[in-house]
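In this document, chain identifiers A, B, C and D correspond to the written order of the chains, with residue numbering beginning at 1 in each.
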């Protein structure tokens, strides 16, 4: 059981370019990701949207696996700026986990 | 030994007497000289020869003739044209040596028939390059070979370059055979002026061109087809009477439908839902179940939009029949060695993450786009479009079908993607509005 | 002329009552799609399957038909929402009538055939003719 | 039986028939059948030339019966009926035999047997024709007036459109006020128009029309007559009953909002409301959205409440209500407009924002609505724990993660359900589908027509619709009514039931069996017998098998005709 925390999204969102919520959950990004990780990027951002902070932090490594190659962005039918969103997420992890 | 026509090229002086003689003997009307069946040539500057039908054993002309108008005389071996000729010119196209011609003046196909055993060309050849005899002329130099205009191989190659053999050659055969006289080749476009009080624009939609989604390989992979092609395979008047896949004519047994091809997709600049693809794909999947009971069918979707009356029930029925529904938009399609296709997707509902699946036929459920021709029907700028380039309904809620031009109404998919029931209702509305408009005009007079 | 039926159903004659609006288009579609069924299936169109007189079924068997098939409107019927029940009643009555007259009630069969049920019609005909082979002659 | 003079014309259909059926052999086999005066073949019977020749044959040979053996009657029945009429032959003495779809095309594998079957089919057609009698259509003069039942947005708009065409309208509304659900609503998708504004505008226009009469607090209590000439009784207020005569009836009785059962998704708990009530909250809000004096920060929407139902529910609503996804997404946008700080969670199954409505879904997402997909078999659970609302749901989009949300408000996105209209259904004899909505004849080809001629169903009474779709359907109903009434008359098919009064002993069975009230009791020479009201009988034949005396026949399908056809079909072909 995970408690939904809507304010977590505000914590991660670092710029006006952050738009993970525009996702329509088609899964194309995951299918084209050259890293082939199930979590990237759609499900990872689901955790952010819903506010499952633990899940996000649990996957710190995954977040840094991203190549920022924008393969996902190129193919996203909903124009989600995925690479930008990953950057926001990294900035959050930097603050939260690495205390940078 | 029977007489033959012997050609000795080095004797030929390209005087064209043979051509004139040929034309002369075949002319019925001096105003319309016959096209000669023999042609004299000069090539490479100083080499002369003639070309005429070889009566060759490889009788391509005879075989391609659709009406059997060319026959070989069993005794003389001469190929003749009979009255069954319909002027289709297929033989002319087929002759590897280019020795059959269409005579436009006399409207007939001409080929050498050796003048029924007394060729005039030989009679009038002043240099004895052409002789009609049982043996070649004694003074013929055996080392002199005929260097033809084209060798057989070259000629065949050239003939094969023609790409239009199967197209209409205006042979008029269709006109002749149609028992209802339904084919009229002399019909031409005609401009008519109609005076009307009101216009209903019902110009429909355009289909998304699947080539524009290159990751799906349409046009590159033979077994990726559009749903319109599948519809043809399934229709009661289907061409093959079976559902078959293009690459090898095999009956597919594992078919995928890729929904939202060109819809809800900003990468192709169409953010709208096309409204009909979910249902037509489900319909097709049910029909395929009927035609190929053993086939596996998978529908890849983002959301199933079975919103109309009885639609959801229809979708559930398909599920019960065994159609697999997979939530996940197909990201990419790749071809395998045997022309099968691998689709890549995220199995969202199954929670299985990144997956791929092999299918032997993939159907792209292509979406609907506005038909922008509608906007050019009236003087420029009059008929307003909405931001998606559909004809704009200026008061959709209360006056569905009303456009920016007074008295002009729009019906069906010209103003938005619509399925048939909604198009019919919308058309009924446009009709009512047009009638009311005309009634008002009448009252105002 | 003594044309031979293709092997399998021994040329058993089937009378099919079909309805103008619903099942007839379905049977038409079987033809349009060039599906094959036995030419000894003969179709007699009527307005609605609930309007069949049981005595017509008996008449058909007495006249020499081997079986009678009712291509029912089912729930698609435009006339009657309870067409299925009504046709069901006709069917039961007709079967009773057949029994009383010494005919195997299996010589009457019914199924809903919709306006696009071409394939289903063809398979019903095949199966029905197969079933009829096994029945005793009256 | 007098000697008949029947013409039989067998069609080649180019080669469609003649390639698989020996057409000449068919002609030869039947030309000496009793009653056949002319037997010919034609390459295309439907061609103008062939029709002209057949007309000449009918006239020169004084034919009194006609058989064309060609394609399916679905294609050319009316063509040849019209041809017969032009030739002066009674069109109902024409019988079409289907040699193409049901013979040549189906038996392309066996020319011999196909020909054999063709002969039998044509012979059956001749047998039927031999027993035909000249029939005539029943012509009814139509009244240029339309009754519109229900004065919601569809009914109001329909009334205006009919009035536009110069026909009279009686608009009957059960409630004291017009406008139905639309009146109660503020801003509506897709064009942000206010429902009450629209209704006011329509109401004003109606007031100005002299040819529209509006009755509120009124109900249709009786219907007599038939297409073109209905007599209607309307109860107005408590006691007044007035009689109206109309040519057509448009039923625009709309829908109801689904009322969830107690406990269904927490319905009944404080803070669990339906979408229409939420709409009111949003409308009333100035900045924040308040419920029972508390400020709402977190909202959970649960979709498909009362739609696409499954599981152990009595009479589940299997259908999709179509408008709700778009309406909920739109309402979330309206709420966001009032208060951008809101957190909104949408628990959906499939987002069905079809067509241009997709933009609503897209905008709702960019306004930070979070969409959570629940599985059909695993619906969300709404509880009140320690005074707080709690929603538990498995999110399919996050690998089935079990989530817990503590919203201030749960909005049940409720479906449209059919109105309880049993009385009206009974009075009008309207067909009702499995989903409880009124049933059209054909959803694509005849979406507003019903089996009851002259009665049209429009708006959400036919199936759930958005406002624009309801209005389109209402105007479609107007088109159909106008097409019916503006000609001034209507011809009814004569293939209806007839009673043999000799045999009839009035047992009521037929009248019980007839869903159209087409059988009445009359007295003939002192004997009580059944009588068919021609204008009401649809010719279904439902009364045929129930008659214990076999006293009823359907014209065109009489007992003797059917039996003669059976005998002809079984007779050896040659």
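Everything that follows uses one rule, which is that a contact is a pair of C-beta atoms (placed from the backbone, for glycine too) under 8 Å apart; a residue touches a chain by one contact, two chains touch by 3 or more.
Quick caveat, the model's predicted, so the values are computed rather than measured.
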{"item": "Of A-D and B-D, pair with higher C-beta contact tally", "value": "B-D"}
{"item": "Approximate Å spacing (C-alpha centroids) for the pair chain B, chain D", "value": "41"}
{"item": "Separation of mean Cα positions, chain B and chain A [Å, integer]", "value": "49"}
{"item": "Averaged-CA centre spacing for the pair chain C and chain A, given as whole angstrom", "value": "63"}
{"item": "Residues of chain A whose C-beta touches two or more other chains", "value": "24-25, 43, 78"}
{"item": "Interface hub residues of chain C, defined as touching at least two other chains", "value": "29, 32, 34"}
{"item": "Residues within chain B bordering two or more other chains", "value": "264, 327, 348"}
{"item": "Interchain contacts (touch definition) - all pairs", "value": "A-B, A-D, B-C, B-D, C-D"}
{"item": "For the chain A and chain B complex, residues of the former touching the latter", "value": "24-33, 36-39, 42-43, 74-79"}
{"item": "Residue ranges of chain B in contact with chain A within the complex", "value": "215, 260, 264-267, 302, 327-332, 344-348, 352-355"}
{"item": "Chain C residues within the chain D interface of the complex", "value": "1, 3, 5-6, 13, 15, 20, 24-25, 27-32, 34-37, 39-40, 42-48, 50-56, 59-60, 63-65, 75, 78-81, 86, 89-90, 93"}
{"item": "Residues on chain D engaged by chain C in the complex (per definition of touch)", "value": "72-74, 98, 100-110, 112-114, 116-117, 120-121, 124, 431-432, 434, 439, 441, 451, 495, 513, 515, 538-545, 550, 554, 557, 559, 562-563, 565-567, 569-570, 573-574"}
{"item": "Interfacial residue positions of chain C with respect to chain B in the complex", "value": "29, 32-34, 118-119"}
